[in-house]
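You will see chain A twice below: alongside chain B first, and alongside chain C after that.
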Partner chain A sequence: MNLKGEKTGIILAGLVIGVIASLLVLFGNPANMGFCIACFLRDTAGALGLHRAAAVQYIRPEIIGIVLGSFILALGKGEFKAKGGSAPMTRFVLGFCAMVGCLMFLGCPFRMIVRLGGGDLNAILGLIGFAAGILTGVFFLNKGYSLKRSYQLPVLEGAILPAVQVVLLVLLIAAPAFIFFTEPDGGPGGKHAALIISLIAGLVVGALAQRTRLCMVGGIRDVVLFKEFRLLTGFAAILVGCLVCNLILTAVTPGTYFKAAFAGQAVAHTDGLWNALGMYLVGFACVLLGGCPLRQLVLSGEGNADSAVAVLGLITGAAFCHNFGLASSADGPTANGKVAVLLGIAVVAVIACANTFFQEGKKN
Partner chain B sequence: MAVYIATFYAHFGAVRFKRLCDGWHWPARMMPVPRRLSSSCGTCVRWEGEWPTPGPVPEGEMEQVVLVDGDTYQPVWVAEEC
Partner chain C sequence: MKTVDARGLSCPEPVILLRKAMASKESAYTVLVDNAVSKENVTRAAQHQGYKVSVSEKDGEYTLSITR
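Up next, the complex of A and B:
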C-alpha cells in the first residue's frame, strides 16, 4: 500500500469505526458511549470486584474484541512480536495517571470524539486540553525523552494479555456469582448491546486499528512533529462517521442520538476547566506512553508487553478512581478527583523530566 | 544518491540521526514509519545519501535501514534481536 492508499484506508477505517460507535448506542450501550476504552476498562475492573461502584460493573466485550481482533490480524499477517522491557513500571504509572485524567473528563480520547459526534460541547474543552497535553509531551520528545528500547521476549509473554481476554469472555458468558454485573437500570454498566454484537464490534475495531495504526494521540502528535495529517484524518473520519450516523438515527428513530448542548449530556459534566485539565493529563501521559488507550490495547494484541503493562496501569487507575472517590459524575468533578488530576500532572511532569534531562548515559 | 529509511527504537534516536545527516549535508527528514515497514507508529528518518554512513550512528538506537526502491523497501541492515 502506498502513502495515498494508506491515507484512504485510514479514512475508511475511521468512518466505519465512527458508525460502529454510533450503532452500539442504538443496540444498547449508554448514550454517547458506543466506545470508551477508559469507561469499558473501568466497567471490567468493577465486574472483577476491583472496585465496588455498583453502577459501573460489566465485563465489556468490546475490550476483549479489540485485543483479540488486533491479536488475530497481527498473527495472520506475521506482525505478532512479543517484545517489552522498556520501562514497564514507568508505563504502569503513566497508564494509571492517564486513567485519572480520563475519569475526570468521563471518557478516553476515543469517547471524546464520540461525545463530539453526539453534540456534547463539553468535549470541545476536553479536546483543547488534550491537544495542550500532547504539545507538552511533544516538547519533551524533541528534548530527548525516551523510555529506552524494548527487547524481544518469549512468545508467551506477548500472548498473555490476549489469553486473559479469552478468560474474561468465558467469565462473561458463564457469569459466575463472583463476577459483578450492574442491574439493567442500575447505571451505565447496566446498559450494553448484546454480547455478540459488542464482541464483533470490538473485533472489527481492533482489526481496523491494527491495520491502520489509528491513534487519537498520534494524530495530533504527527501533525505537530512532522506536519503529517494521515493519522489525524482517521481521527476526523471517526467524528464524521459517528456524527452523520447519529443525525440519521435521530431522524429515523424515536431516540435522540445528537443534541448540541453543554448541559444535559449523558455521562458528562459541564465543568469546563476540569474537563480540559483531565484531558490535558491524558494527552501528556499518552504521548509519553506512545499512544492513546485504544492504541495500548491494539499494541497489547500485537504482543507488546509494555503496552500490556500500560493497560494494567489503566485498569488499576480505574479501580483507584472509584475506590477513592476520584471519578467525576454527572454532578461534576469531586474534590479528591481535582487533587488527583493535579498530582497526576505533577507525576507525569517528573517522569518526563527524569527521562529527558536526567537519563543515565545520555549523549546529545 | 540512493534514498534510505532508518527506523529507531525511540523518537530521540531519529532526532540524533537526523542531526548527523544534516552534518553530512545529506537531505534528510523525520517522518512517521511507513505502515509497510512496521506496525509500530514510531519515527523514522528518510535521507538521500549512503549506507554505511561515513561516521558512527547512535549505538543501539537504530532498528533497521532499508533502501527505498519506488514503492518497495529492501532491507540493508537490521539490528540484532529485532
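Up next, the complex of A and C:
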C-alpha cells in the first residue's frame, strides 16, 4: 500500500470538497452552509412533513448525491456489500442523540468546519466540545467498547436507502402538493443552489468521501487512538479549501463569504457553553457509531444497513427537534434543547457503559 | 502465531484488536476482516509498526498475513 500517495489523495479530496462547500453558498445555499448533513437531513425531514417548521423544508439534493455517489463508486469498485445486524436499535438511538447535539450547535461536524472556514468563531467552541466528546468515546473504545459484528445480508437490504434517494429525487423534481418547500425568502430552507448543481456537488463529495474514507470524527479519533493523521489531514484540507475559496469570493464578488466574528454569523448563535455541549454530544455519539453523519451517509451508499438505520435515527431526531422545540435558532438555544442535550449525553453514556463493561460473553 | 478474527467489525475496532494482540510482540499475526476499509486500516497500522503485510481474498473475506 502506498502511504504517501494515499495522503496526497486525501488532501486533494479535502481541498476539492472545501471549495465545493464554499461555491455552493455562491450558488445559493445559506451562508456557511455549503454542506451540512444535519441541516440537510432536517430540511428533507421537513419537506416530507415529518416536522412543520416552515423555515426549514426542502429535499436537499446534496444528501441524495452523497448517498448515490458513494453507491455508484462502491458498485464500480466492487465494494458494495449489503451488511448489517450490528446493534441496529442502538445505532438508531445514537443517530437520534447526535442530531439533538447537531441542532443545538446548528451544524454537523462537516458544517462546523465550513463555519470555521467562513470565520464563524463560535465553531471554535463547538470544535473544543467535539474533541472532548471524541476523547470520551475513545476512552470506551480503549476499554473494549463494541457494538458487535455485522453479517452479510441480502442485497436488497443494502440497496433500500440508495433506492429511497432516487424516490426523493423524483419527489423533488415532481414537487407534488404534499411535499413542503420553504418560500424563497422564508428561511434557510428557501435558500439553495439549483437542483442540478447541488446534486452534482453531492455526487462528487459522496464519491470522494467513499474513496478516501473521509470522516470528521475519525480524524480526531485516529490521532488520539493510533497517532494516525491521515483522516485529520483531510479534515484540515476541507478547512483550507473552504477558507481560501471564501476569501477569494469575498475579494472578487460583492458578497461577504468570510467574516471573522462571534456575533452576526448566519444560522448560528453565540452561546459558547451550549455550542460546546452540543458538539460534545455529537462527538461522543458519533465515535460510538463509528463515524460522523457524512460517513454514515457514505456507508449507507456502500450497502451498510446499520449506517442506514443510523441515518434514520438522525432524520427522526431532526423531526423531534423541531416538533418539540429542541433546535436552537439565531436567538440561541431553547430551554427544551438544553434539557434534551443533557439527556442525550446521559443516554449515550449508558450505551457506552453497557457495551463496554456489561457485554455478554465478553472475552478478556 | 496469533490470529485476530475481526470479521464483521468496522473501523477502528479491527486495528484496536490487532494492537492489543501485538502487545505480545510476536513475529507474525493473521488478521481476518471482511471489508476493504478494515483491510486498508489494518495494513496501514501494521506497516506503521514496521511489519510486512500480504493479503489474500476469498469470497469477500480478507486474510492478512502480518510478519516482521
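Note that in this section the second predicted complex is superposed on the first by the 363 of 364 C-alpha atoms of A that agree within 3 Å, B and C clash if a C-alpha of one lies under 4 Å from a C-alpha of the other, contacts with A are read in each partner's own complex, and residues count from 1 in each chain.
Methods note: a residue touches a chain if its C-beta (ideal position, glycine included) is under 8 Å from a C-beta of that chain, and two chains touch if they have at least 3 such contacts.
Nothing here was measured: the structure is a model prediction, and the numbers come from that model.
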Sharing chain A, do chain B and chain C clash or fit in the superposition? clash
Scan A:G290 for contacts with chain B and chain C and give back first, second, both or neither. both
More residues of chain A in touch with chain C or with chain B? B
One more residue to check, A:Q210. First (chain B), second (chain C), both or neither? first
So, does A:P88 touch the first partner chain B, the second partner chain C, both, or neither? neither
Looking at A:N142, would you say it contacts chain B, chain C, both, or neither? Reply first, second, both or neither. both
Which of the two partners, first being chain B and second being chain C, lies in contact with A:G218: first, second, both, or neither? both
Per the contact definition in the header, classify A:F226: touching chain B only (first), chain C only (second), both, or neither. both
Could you pull out which residues of chain A sit against chain B in one structure and against chain C in the other? 1, 3, 6, 77, 79, 86, 141-142, 146, 148-152, 213, 218, 222, 225-226, 228, 230, 290
Would you mind writing out the residues of chain B in touch with chain A in their complex? 9-13, 15-16, 29-32, 34-36, 39-43, 60-61, 71, 81-82
Could you pull out which chain C residues touch chain A in their complex? 7-13, 15-16, 19, 34-37, 40, 43-45, 47-48, 53, 60
Which chain A residues qualify as touching chain C in the complex? 1, 3, 6, 77, 79, 81, 83, 86, 141-142, 146, 148-152, 213, 218, 221-222, 225-226, 228, 230, 290, 304
Using the touch definition up top, name the residues of chain A that touch chain B in the complex. 1-3, 6, 74, 77, 79, 86, 141-142, 144-152, 210-213, 215, 218, 222, 225-226, 228, 230-231, 290-291, 295, 299, 302, 364
